[in-house]
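The letters A, B, C, D, E and F name the chains in turn, as written, and every chain counts its residues from 1.
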Amino acid sequence: MTDITRADGRSVDQLRPITIERGWSKQAEGSALISFGNTKVLCTASFTNGVPRWLTGKGKGWITAEYAMLPRATNDRNDRESVKGKVGGRTHEISRLIGRALRAVVDTKALGENTIVIDCDVLQADGGTRTAAITGAYVALADAIEWGRGKKFIGQKAQVLFDSVSAVSVGIIDGEPMLDLAYVEDVRAETDMNVVVTGRGLFVEVQGTAEGAPFDKRELDALLELGVNGCAELRDIQTAALAGEATA
Amino acid sequence: MTDITRADGRSVDQLRPITIERGWSKQAEGSALISFGNTKVLCTASFTNGVPRWLTGKGKGWITAEYAMLPRATNDRNDRESVKGKVGGRTHEISRLIGRALRAVVDTKALGENTIVIDCDVLQADGGTRTAAITGAYVALADAIEWGRGKKFIGQKAQVLFDSVSAVSVGIIDGEPMLDLAYVEDVRAETDMNVVVTGRGLFVEVQGTAEGAPFDKRELDALLELGVNGCAELRDIQTAALAGEATA
Amino acid sequence: MTDITRADGRSVDQLRPITIERGWSKQAEGSALISFGNTKVLCTASFTNGVPRWLTGKGKGWITAEYAMLPRATNDRNDRESVKGKVGGRTHEISRLIGRALRAVVDTKALGENTIVIDCDVLQADGGTRTAAITGAYVALADAIEWGRGKKFIGQKAQVLFDSVSAVSVGIIDGEPMLDLAYVEDVRAETDMNVVVTGRGLFVEVQGTAEGAPFDKRELDALLELGVNGCAELRDIQTAALAGEATA
Amino acid sequence: MTDITRADGRSVDQLRPITIERGWSKQAEGSALISFGNTKVLCTASFTNGVPRWLTGKGKGWITAEYAMLPRATNDRNDRESVKGKVGGRTHEISRLIGRALRAVVDTKALGENTIVIDCDVLQADGGTRTAAITGAYVALADAIEWGRGKKFIGQKAQVLFDSVSAVSVGIIDGEPMLDLAYVEDVRAETDMNVVVTGRGLFVEVQGTAEGAPFDKRELDALLELGVNGCAELRDIQTAALAGEATA
Amino acid sequence: MTDITRADGRSVDQLRPITIERGWSKQAEGSALISFGNTKVLCTASFTNGVPRWLTGKGKGWITAEYAMLPRATNDRNDRESVKGKVGGRTHEISRLIGRALRAVVDTKALGENTIVIDCDVLQADGGTRTAAITGAYVALADAIEWGRGKKFIGQKAQVLFDSVSAVSVGIIDGEPMLDLAYVEDVRAETDMNVVVTGRGLFVEVQGTAEGAPFDKRELDALLELGVNGCAELRDIQTAALAGEATA
Amino acid sequence: MTDITRADGRSVDQLRPITIERGWSKQAEGSALISFGNTKVLCTASFTNGVPRWLTGKGKGWITAEYAMLPRATNDRNDRESVKGKVGGRTHEISRLIGRALRAVVDTKALGENTIVIDCDVLQADGGTRTAAITGAYVALADAIEWGRGKKFIGQKAQVLFDSVSAVSVGIIDGEPMLDLAYVEDVRAETDMNVVVTGRGLFVEVQGTAEGAPFDKRELDALLELGVNGCAELRDIQTAALAGEATA
């Protein structure tokens, strides 16, 4: 790592300030308002006893996620997808990513025939909304599972979560690999990568895209290392949030 | 008024605690996160220089509003309208109401050929979401107008807002007229009314509906009086919010 | 009331010529082609034994309404909502209003587990289409209920309708409150109000909107008085229509 | 032809009672409420000076048609296509057929750069709605063209219509070819055919379908003869309607 | 017939080269890639044991068809109907035609409670896509029925197909009736007709449209004769294809 | 690598038989029917002189892609997205991936103000459809660019493609990394990865997903190596295809 200083004064391997307001929602069975700097995502987990019809009787639960942005979460207002009458490709793609990330650490048999729907709504966007969403969603999910246990929908000793999961973006800007890109960095990145990593440090998802120039194996390795380290920090912040009282 | 005490300890003519976090959004030209008790609505105003094609060249501006709820703003999760592929009747109706309420206090000629889109997104719902939306939207609108003035899109002396506007719900529960219904009250109300009132105390909109039993003129008058008084209080809170620094 | 004469020669408190062709449709269980002057609305009531799944087993019936306009009911042709692929906000809003108005006079327990769908299709529009729709829909509904009684789906002594319901528009034009606005009046109105009133003279719905200037309590009272009187006349016309043989 | 008597007493080569209320709509530039027995279709023609962008500058006009049914035009209520969010296959097919039939007798150069949209809305359906629609649409179209001539959008001597057009259904029931099928006949027909014929007796469209058993050339010829004769009668009724004053 | 030579050297009563690659798809229960010259349509038949709910318990099967074109099957690229969010009128119309044509030769009682869905996807279009689709679909259908018999979903002796079916386009160009129009001919045709004929030579569907000038009975008869003869040739090609081994 | 033998007899680092029928489509400016074993994808490139409005005047071209599957490309029939009225998340995601992959090797300035739309339609699916689509799309794109050069829409010396691009799937099955998964392998894979690599061996996209167990860095490296080698083979097949005459 060089001693490059970034627009917001961070070093290349430094996360933005991360905050998690656990229990932000009065109604949801689990919730977290997570901030990665100016990126703010409200994650709620809705617990329902029972599963969709196609899964009934298989002794397994179901977890799914939906991602969306408020129309003015961004610098320019975007038309609402409800008004346009369809969900865009990017929205779909991120919703599917969040769902896969969470399912990777869940034992659906231990969850039993229960459904948890995670909603990740971006209230303010400044880069890294999908990774903030995954990181916050895990906290909301963990609380919803405990809610279900309290209601006896889940066995008292069932180990539903066998690991935690968090995510962070990394990218190469002016040839330099950097952690947790803010929007101004993201638009300039030659390569953009999102890594989803478990608490134990294993990969759940690696999505790297050459936005500018194609990248080589050495660059890929540098990005992965930054990402794994960033996710380890996020894991510790998740653990601390879940250890305390729900703050909101 | 009798000395009935309500579930949350309020008197029949008392508003819930009202807070306005003006300037909540870093990106929007005007914004307010408004709370009527546990009802929380994020209102953003997006200013664009220019007007839709059908209005071009008429020397007038355009103001429109969109209302929506996050899927888990309510006790039970609602499917997203974007996923359903269409905006529901209730959503349409409230969006139109908010737009009309704001336009009633705006001189579109003074606004000039500028467009302001107001988004009201309910983050948490506990009754009165449309009235909170109107009340918060006015604050966001006022700030967006001043932003436009600062950018010279609006004349320095143009009086765009010739009055303020706020709204509140009133209803009859067990025969008793009450102000600012929370959700548990709303579902029990025999009659439900929303009043939109200007800062000067004139009506912009009166929408009363018999949910249970039809109502008579005496009851209607009692509700209107409660509503007018409630809106006067809200006007003072709006004025205070706009007098200070944007808090967020 | 002053002695102002209106474009069509009516006094300010005079309804347009009202006609009701009861039983216009050969197929529907109840129907009425209603005219308020040049406004013509075909109202049909479709009776089905049984209720939607979510209401099954509760011993209650269901009444719902849909409003629509033919594309060339108006001076300029409007695109069909079927072709646009979605129902517009105004259509939704009026459909909901008609449904609420009818349900306000129906005892759904007496109706039993039966469903009545009311369709109000505007064949020609000249102002007041929603109020004509409500007034005609009541007649169609009453006949459909009797049809259901004849078929023994409803008890012989069940009092399903505990009151009648009609509606009329009122508005202020050039400062003058007027009853039953034709289209040319409607577009000039400063304030526009629809009142839905039962046969006994109680309010079911009051929707007043300041299209031009906000209005005060005195004006509101004048409009309500005009509306209540107009609805009393409409009630008598409904009663006469239902007393005779179905004419068509 | 045998002396078979049909359910409604007609002979096999007899049309149902046909009525045309020309000028039914106060707003449309041309209109006709046509009845083929209990089938009633409101046809309106909307005239616009100018053509769609893709046709601009070619010196030719444009004629198009849309067909729809009211939800309770039929014995059982059908969901509205606007509510379903899409136009069904049958509706599309009939709209296209009506448009082709009318364009077959129009000289679009003589029409000049004008657009006429024909709306055919079935108010009551009892078989043969598409053929009634074509027959009524021609009358509405003829009046709209004269309206355009009166407004000088069309040259005083331009022969826009070089022929008339009408349509009728024919079918084979119990082996017997019959003219103008009512609904109870239509559902029993082994072969169902719609013929669209000009005033001079030439074919514009022949659509024959084996609903039950495939048919041979002899049967086809018998059906065509019935259809051509039926259309000649319809042509005379159209001529009479257009010769008189618009009745409504 | 005169000795006119067509653009591709055919005589007026000559089909284009017809090929059928039976069993093109590895997955479908029946399939055929059919070519009428440069028109190529992939027809697959999907067999499902069971019927849609509305048909359950009636002892009858169900056959339906869907037609579509790849976006660049044509000279200019067409937007995908999936992206436009709706199926166009032409697509609907042809899908319905194919379904009717196939059902005309199927004994649905002999089929038993089984469903066969035929998909006809145009890979390359050069006129006559709907007639190629019907002709190929019959081959795919026949194979799917034999598959079902092999699986014992259909009785060993059940005669599901009581005839074969094929289709061809005919049209009048420069006054001359011609068989099997290629695209360059189709766009010039004054009259365009599709005939669907059974193996025994009976009509299933006759759809003739005057694109330019209306046509008379003599022309209609000439077209029908060409069509019947063309379908007889196609029947022989189908028979040969089904007699051999599936080639792909 | 161990000497494990796969279901189809391949070694773990062996591609399925790859064929490219270049110029399959008579109409498209570039096309390729590519097979990866039983996976068959028809790729067409549609060249248009000009760019979308938002890009006009910037001296740059535009390349976009759409992916879709025929309904019976798979073992079980899928409903058409056109009939469902919306494009699914998976389809969107793959369309976006193909577009990004192609744009990564294109100099849009050298392309000039021209648009190329790539359609990748899966005719038969047996795993790896998105990677086959990218690999075939490159060939279609290259031909469309040469077509544009021939038409003088692109400069004679403009180097539009500065590299080639191909893609392949890799995955871990029973702990063993394998190249180019067929469907039966894909469903059993613990980890599934798609790599998109340029002709020079640089990464354009790396998308790895833990379907079963999360994976570690060593496994990731093994998969990347397999993928890079597979893409080098595919590059040679592309080069050979482009060197010859278009075969179809």
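Simple rule for what comes next: a residue touches a chain if its C-beta (ideal position, glycine included) is under 8 Å from a C-beta of that chain, and two chains touch if they have at least 3 such contacts.
In this text the structure is predicted, and so the values were computed from the model without any measurement.
Asker: Under the touch criterion given at the top, what is the topological distance in steps from chain B to chain C?
Answerer: Graph distance in the chain contact network comes out at 1.
Asker: Same or different for chain A and chain F, when you check if over half of the residue numbers at their contact belong to both copies?
Answerer: Same, since most residue numbers here occur in both copies.
Asker: Based on mean C-alpha positions, I'd like to know which chain lies farthest from chain C.
Answerer: If we average the C-alpha coordinates per chain, F ends up farthest from chain C.
Asker: Measuring between mean CA coordinates, which chain is farthest from chain E?
Answerer: B
Asker: Report the inter-centroid distance (CA atoms only) between chain B and chain F in whole Å.
Answerer: Distance between chain centres: 51 Å.
Asker: For chain B versus chain E, what separation do you get between their C-alpha means, in angstrom?
Answerer: Once rounded, the distance between the two centres reads 59 Å.
Asker: Touching at least two other chains at once: which residues of chain E meet that condition?
Answerer: In chain E, residues 85-87 touch at least two other chains, as defined above.
Asker: Beginning at chain E, go round the ring through chain F first and name each chain as you reach it.
Answerer: Counting round from chain E, the next being chain F, yields E, F, A, B, C, D.
Asker: What residues on chain A touch chain F, complex-wise?
Answerer: 86-90, 92-93, 95-96, 100, 104, 163, 193, 198, 200, 202-210, 213-217, 220, 224
Asker: Which stretch or stretches of chain C touch chain D in the complex?
Answerer: 25-28, 31, 38, 42, 44, 46, 66, 68, 70-75, 77, 80-87, 91, 117, 119, 121, 123-124, 126
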